[in-house]
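Two complexes are shown next, each including chain A; its partner changes from chain B in the first to chain C in the second.
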Partner chain A sequence: MSNLLSKRTMIMVLSCVAILFPLVFQNMYLLQLLTLVFIWSIAVYGFNIISGYVGYLSLAHAGFFAIGAYGVGLLTTKAGLPYWLSLFLAVVITALAGALVGVIALRTKSHFFAIYTMCVGVIIYLLIDKWDSLTGGVRGLIGISAPGNIGPITFDTLTSQYYLALSFLALTIFICYRIVHSLLGRTFIAIRNSEELAKTIGISIMKNQLLAFTLSALFAGLSGALYASFIRFIGPQISAITVTFEMLMYLLVGGIGTLAGPLVGTLIVISLTQSLQFLEEYRMLIFGPVVVLLVLYYPRGITGSIETFIQKRKQQKISLRKEEHEVKRDVEEAG
Partner chain B sequence: MFFETKKITKRFGGLAAVEDVSVSFEKGSITAIIGPNGAGKSTFFNLISGIHPITSGKVLFKDNDITKMPPQQIARLGIGRTFQTTNLFEQSSVLDNVLIGHRLRTKSGIWDAIFRTAREKEEEKQSYEKAIQALEFVELMNVVEHPVSLISQEEKKRLAFALALATDPEMVLLDEPAAGVNPDETDGLAYLMRKMADHGITVCLIEHKMPMIMSLADKIVVLNHGKKIAEGPPDEIRQNEAVIQAYLGGEVHAPVKQY
Partner chain C sequence: MELLFQQIFNGLTIGSVYTLVALGLTLVFGILHVPNFAHGAFYMVGAYITLMMMVGFGFNYWIAIIASVAVVAILGVVTQQLIFKKLEGADGMRMMVAAIGILLFLEAFGQFMWGTEYYRMDTPYSSVVNLFGLTVTLQRLLIIIAAIILMLALHFFLTKTMIGAAIIAMAQNREGAFLVGINANQVAWLTFAIAGGLAAAAASLASPINLVFPTMGNLVIMKAFVIIIIGGMGSIPGAIIGGYLLGLTESIGATYISSDYKDVIAFLLLVVILTAKPTGLFTKGVQ
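Then we have the complex of A and B:
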């Protein structure tokens, strides 16, 4: 109970900090950075559903991110649709694309799945890069509209955009929390732990995987759509395979298969990247070894390692109690 | 007939792992499948639980033709199973392992999860009750909160039973349920299997421990090189010439134990 209370208070404190942050710090640079962290986190949460909970490493994630971004970009600039309708449509289109790719990709397993989805990612990149008449090719899309007004609320300041990204992130985390702590979440984890066993206890693997894959694409699409309307310019680079690997890095650093991992990882890696900006490309010389060491010694990332630590202490308590119990029994039997 | 296979055959390339095997089990009975290593016993289980597709023949369960069904559908119809190498969700706790066992009887989906609907709550409660019931049945209530990696081999065997029971099966397939545990613990597991049968669950097991089988099974099926060479009550099998030659190797002096 005390554990739950402390968890709850921690979430409350963190939410308060996030809400009050723009009021206390009037630093535009920090605000811009945090908004980007929130937007990327949404995509990483999606990544976490399929790769962390179901255990299938999908490397098409940047592709779905780009579909969401270009969806909003094209619908607002070329089709002239209102912003919120475009956002909704972009997310739906991305989810549908995810379902379509999933139907085929999920017939493959483990490494083959990773390679297959990587190919899908590359194809999406090529489509965006080469389809000049639709996407503007290498020149990219400019003049994407900022989020439209909702009644009296406008989104033309940085602060309001910050709150918008924060609300979508909160919604994403809430949905992920609910899923992970439901029967559906247990089903995902069962598939990750042992597909063979899951099958024999009557779980249909394909159906659940497809659902998870579609959800992950949906969040990537939402993140991309928000990104497009925040930066207001997008180019084919956002669908590049390196973007997928960046998201994978956020997830690995934060903790794959944990609820806080995506946010923690994105926040830490993006802040580090920014503070090491002066090293330019050489900063990868620092990042590379750090990530390798992390994966070697803390495969469950920062939050995962903390969780493991707490669990270990609990186990020690259990085995201690067990021993005490056995000693007591032996004494009783002897007596 | 409750459960029946009609001349089922499985070929891996040119090799027949199981050939023309016809058996039938009655409801609430205990059937043991024995045979030397490589006789096709585990393959036989994989065929009836839908893991491997059958080359030819038919499998009938409660008047349903389940020959071509995928494993999850067979599980839903009421056939549970355990694996030879104890196959559990190692990272989860004992309770969490059994909780997921009842998933096939629940319907909650993504919307129920996000909005935490009445159905979700109801089914979570139902899964919990079912899990506790299964753990009580196998007498594992003392380790409910323990992670699977911390419990003994024998407790893992019991947990595998509980996981199969949580699916609400009418028949269970147990692949070497007593392998790797000591004689006392074997007695405990045999008692559990008898208890399952007494509760109307049809039990089919693969086992090498002859004393246990001789006293536990109502019927024994003997496989050799993928073919059924004998079938009958333990006393008959003990005297069957073909079985003695193929498997038991000469005379049999298997002691009988009562459970």
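Then we have the complex of A and C:
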């Protein structure tokens, strides 16, 4: 109970900090950075659903991110649709693409799945890169519209975009929280731990995996759509496999298969990269070995390791209490 | 008709390179049981080392290749001993992520050491020869011949030597190999050395007709994945057939269908194959 309370207060404090941040710090650079962190986090949360909870390494994630981004970009610039409708359509299109890929890809297992999704990612990249007349090819798409007004609320300042990204992130985390703490989340974990076992207790593997994969594509699409309207320029590079690897790194640093992991990892890695600007090109010289070391020694990342630590301490406390109890009983019996 | 023959010849050239890369990948798959994503980075490092030996130290092309093969073979052994050995028995996801970590590091290392420029590799074999009415550069001919020699050498090594047989045994049945007392560690590092060496040789042979740059390994390795899925993971004849098949399909497709989309062919091929047969072609038993 006390743990739940402290967890709840932690979340409250963090949300307050996030909400008050732009009011206290008028630093444009930091705001821009945090907005990007929030946007990327949404994609990493999607990644976490399929790769963290269901245990399937999906390497097409940047592809779905790009579908969302190009969806918004093309619908607003070429089709001239209003922003919010475009955003909605882009997310729906990405989710549909995810479902379509998932139906076929999920028939393959473990490394076949990784390679299959990698190929899907490469196909998406090559299509964006070569389909000049639609996507603008290597030149990319310029002049994507910023988020449109909702009634009296406008999104033309950085602060308002910050809040927009923050609210979408909060929504994403809330959905993930509800999923993980429901039967569905348990089902996902059961599939990760043993597909055969899950099957024997009557779990429909395909249906649940497909749901997870579609959800993960949906979040990637949402993140991509927000990214496109925030940066307002996109190129084929956003669908490259390196972007997927980058998201994988965020997830791994934060903690794969944990709820706080995606946000923690994205925040840490992006802020570290930004503060080591001179390293920009060579940051993987550090992060590559970090990924390997994490896999070797801390496969559950920062959040996972903290959780394990807390659990261990709790168990120690319990066993200590037990010992005390036994000593007392012994004394009483002796007395 | 002459165009077709020309394209078949080009296909054989590219196919030779793909095959050498895929052979290493398929051998390592027998040890790790997951695809080694870092293999493409070995390929890239191999090309740069050959180039460095030639330009920096003024070595002869062949000596440079031998040096590069040795260096990348050692690099393979180091990654196996330091990383993959410790992950033995871990789930596939962790191995794949570790391999990705190595790939990210090596790519950044390549950029750091040699910059992002595109380099040409000049060899003494750029002259044009006439072969049965086809005009071909000597380098391309050399690639095909060298690849065949390497494949034959690998074949004899795997079938005629004790240690080669041990590698095959490990790939076929791990427990059985342990039972008859095969030294798993020795087999593992040796396989990584061979795979690294093959990747370096392939890169050094292919670089004179392509260019050398930090991300040169990416597309090649992804195509090698396609090949080993077509040929069956862990299968050596499969990798050879798949490699040449893909090379020919690509070069003929580039001429007769679209050169813009020639890279898509490989991946579409794979998507179609895995859609029809989720465990890959020529897979024995249940994976």
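Keep this in mind: the second predicted complex is superposed on the first by the 312 of 335 C-alpha atoms of A that agree within 3 Å, B and C clash if a C-alpha of one lies under 4 Å from a C-alpha of the other, contacts with A are read in each partner's own complex, and residues count from 1 in each chain.
Note that a residue touches a chain if its C-beta (ideal position, glycine included) is under 8 Å from a C-beta of that chain, and two chains touch if they have at least 3 such contacts.
Computed from a predicted model, the values in this text were never measured in an experiment.
**Student:** Of the partners chain B and chain C, which touch A:Ile241 in the superposed model: first, second, both, neither?
**Tutor:** A:Ile241 contacts chain C only, not chain B.
**Student:** Check whether A:Ile179 is in contact with chain B, with chain C, with both or with neither, and answer first, second, both or neither.
**Tutor:** Touch status of A:Ile179: first partner only.
**Student:** Once chain A of both complexes is superposed, is A:Leu100 in touch with chain B (first), chain C (second), both, or neither?
**Tutor:** Neither partner.
**Student:** Now for A:Cys119: first (chain B), second (chain C), both, or neither, which partner does it touch?
**Tutor:** In the superposed model, A:Cys119 contacts chain C only, not chain B.
**Student:** Check the residue A:Leu320 against both partner chains and state whether it touches chain B (first), chain C (second), both, or neither.
**Tutor:** In the superposition, A:Leu320 contacts neither chain B nor chain C.
**Student:** With the two complexes superposed on chain A, say which partner A:Cys16 touches: chain B (first), chain C (second), both, or neither.
**Tutor:** neither
**Student:** Between chain B and chain C, point out the one touching more chain A residues.
**Tutor:** C
**Student:** With touch defined as at the start, can you tell me which chain A residues reach chain B in the complex?
**Tutor:** For chain A paired with chain B, touching residues are 175, 178-179, 182-187, 189-190, 193-194, 196-205, 211, 215, 311, 315, 318-319.
**Student:** Under the touch definition given earlier, write down the residues of chain B that touch chain A in their complex.
**Tutor:** Its residues touching chain A are 49, 51, 70-73, 75-76, 80-81, 83, 87-92, 96, 99-101, 103-104, 106, 108-110, 112-116, 120, 123-124, 127, 145-147, 150, 163-164, 166-167.
**Student:** Which residues, counting only chain A, touch chain C once they are in their complex?
**Tutor:** 51, 55, 57, 104-105, 107-112, 114-116, 118-120, 122-123, 126-127, 130, 241, 245, 248-249, 252, 281-285, 287-292, 295-296, 299
**Student:** Touching residues of chain C toward chain A in the complex: what are they?
**Tutor:** For chain C paired with chain A, touching residues are 33-35, 83, 86-87, 90-94, 96-98, 100-109, 111-112, 116, 218, 222, 225-226, 229, 233, 260-261, 263-264, 267-268, 270-271, 274-275, 278-280, 287.
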